[in-house]
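Per-chain numbering from 1; labels A, B and C assigned in written order.
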């Protein structure tokens, strides 16, 4: 029983990763119909950037986090102004594969390259914000940083759901992705929504990276690997519902942990990816993607 | 959708009896008044120029670069049809490169097949597997297909890296070149490259023939508006499957060539980084231009090994170029050059006398 | 109701799409409560003109509401000044509910944070379109064309406009629904809202409008109504 509960705890912690990324991807896709393939790289910048500021430059923890998050937000703002503004706001938006994937794909590659120059290829971890022994709850142990990660996932997913569901601003953000012209007719500034939600999700992903890196350690290659499952989590939420993306992410994490724990560690990922692949192909309605196709 | 009226009519022509399809495939669409020379001419140009290039570079470093680039070029040609033309969001090309590379390695090293037998059998395996996988994945709508095929390389590379049968992290070594013996590496490399050039010419011919035929128009129509294309008589499921199989079999061939050129097959070939390289090769030079992607493959392969600085920072460099090019011209560098040329030509050419005012052109 | 009175002045407005001149010159003015129809053949600049007034496309020239210049290509400023467009083909939010579609018409003017409160402020539009009361939770994409047009009109009303522009509001609609739209126009005219109606079919438009302006090959003019009436006779 304790093995099962420990696997549950580990699965929730890793699933929180996918969930937060899925929520970030979902809300931004909902606003502008673009997949943010750089979300994992923002998390990497959060974890690695904070670690380097503390370990190499001796910046105190609190300031390191603030500076790092500010830097990530600024990078997101600059990217929006330099690239997305020209791509989408100047009356010549290219629809389809180029706009959906490739602008943020290029950003992802550029961030990885820049991070390699700035941070090197070493594995690093930011200090945990909640140190101490693992918590013993019921029959299982859970590391304190993992609790923070899960809490962030639940809080952010809930907050984003509440925003979209109950506020006028959330409705307006959704309208931007539904009909750009319709949004403009109502006086909704879609460029502003796109920009600020991009910055918000970048900072959220970076914050997540700060909390997650003490658990697994980050390198410059960490971001893209884990963000793909975030894309899958977002896909299972139809790229529309951030709360559902968090739930799906947690479930994917649980499935991954249980398969690795009870079936096979080495082939656990293979089984998981195969299962996800099968669901996507044989039950695309689960993704709610037919409306987008 | 920018299709001329006479081209649109040929979309209807395309739904004709199967026995004439091969004739049209070789000699051009029924709407054409004469045989279309472009596919044959392009293939011949590639065959002749490519052979001259690889023979001329025998023993040189750049010859090795071209040899590896030829494999990626072959795959990229398939992607021109699949992603560039038909806009099928399938990111599984590296998986089928893996089928080609690992299939070659397994058949040669474990079952002692000779080169010709290996090529035929592996292409057959690639065809059957793409048919099976394609009949399943092409059922999924747009983004679902993209998601599913993004997962495939992850799934396959993880499996290959853990499988002893497939050599685990080491992969399969001692794969023979397509022509020649490994003991004379330089000559074998050149001879293999010559074969690769011929494969590239054949694939280019096939791709151009598809793109310039009624089938190509159907694919273009599907990429713009599937309901409209279905209304014109296009069988969507059939065409989606055909495009998927074409791209995958061509990728299999590219994997065979790469494994033969490198002498090994490793799971890195199937990893996401390889898929990213292919996407860069396709989108930066021009996703609908076969000669552009060949040039792009050679350039990317050269840059990746040219210097420590470039190989370390190539991803950043590619990213910046990708974003800048796509911002200015989403169809890539070649389309950008064509636009600049047309702009310059229109400025230099004197205006025609009696040209209609802009408004009158539209209202006619 | 809107804070502006609804006086619209348009001076030498031109709209270009690259080299193509959609509107070469348009000048007119509307007093508060005017009902003017813009007629003319398809492709001669009517939609481009109203889209430019609404801030959807770049324009040159000047547009003033109650004497205050309106910036070009700024839809938010236009809506804030009380100038609202019901576009050709409606452009609703297909995945959102009817309630949200209508509610978002008041986005610029509302100070509410919660959607439910903002809806309470605009729910009175259902008195004009009672048939929408049963459809409030339905996604806009699942509505018929006529129902969608009613939602588009309700969205415009939620913005509390002083000037309402309609671009081919009856395009693709059945005769019965078109009649409903025109009844709504007459009702709106009675509330002294300024109305600018773009119609390719002039007969119905001229039955309800006070006067007409004609767009022909991008140039605006006042049509000779006597000659025009003669041309419309079978």
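Here, a residue touches a chain if its C-beta (ideal position, glycine included) is under 8 Å from a C-beta of that chain, and two chains touch if they have at least 3 such contacts.
Please read these numbers as outputs of a predicted model, since none were measured by experiment.
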item	value
Identity of the chain that, by mean CA position, is farthest from subunit A	C
Pair of chains joined by more contacts [C-beta pairs], A-B or A-C	A-B
Chain centre separation in whole Å, for subunit C relative to subunit B (CA means)	49
Chain centre separation (subunit A, subunit C; CA means) in Å	41
Rounded Å distance between subunit A and subunit B, as computed from the means of their C-alpha atoms	32
Subunit B, residues touching no fewer than two other chains	none
Of all residues in subunit C, those that touch subunit A in their complex	54-56, 75-76, 78-80, 84-85, 87, 90-96, 100, 103-105, 107-108, 110, 112-116, 118, 155, 159
Complex interface listing, subunit A residues touching subunit C	166-172, 174-175, 178-179, 181-189, 240, 291
Complex contact set, residues of subunit A against subunit B	83, 86-87, 94, 96-98, 100-103, 105-110, 112-114, 116-117, 224, 228, 231-232, 235, 239, 266-267, 269-270, 273-274, 276-277, 280-282, 284, 287, 289-290, 292-293
Complex contact set, residues of subunit B against subunit A	83, 87, 89, 136-137, 139-144, 146-148, 150-152, 154-155, 158-159, 162, 272, 276, 279, 283, 312-313, 315-320, 322-323, 326-327, 330
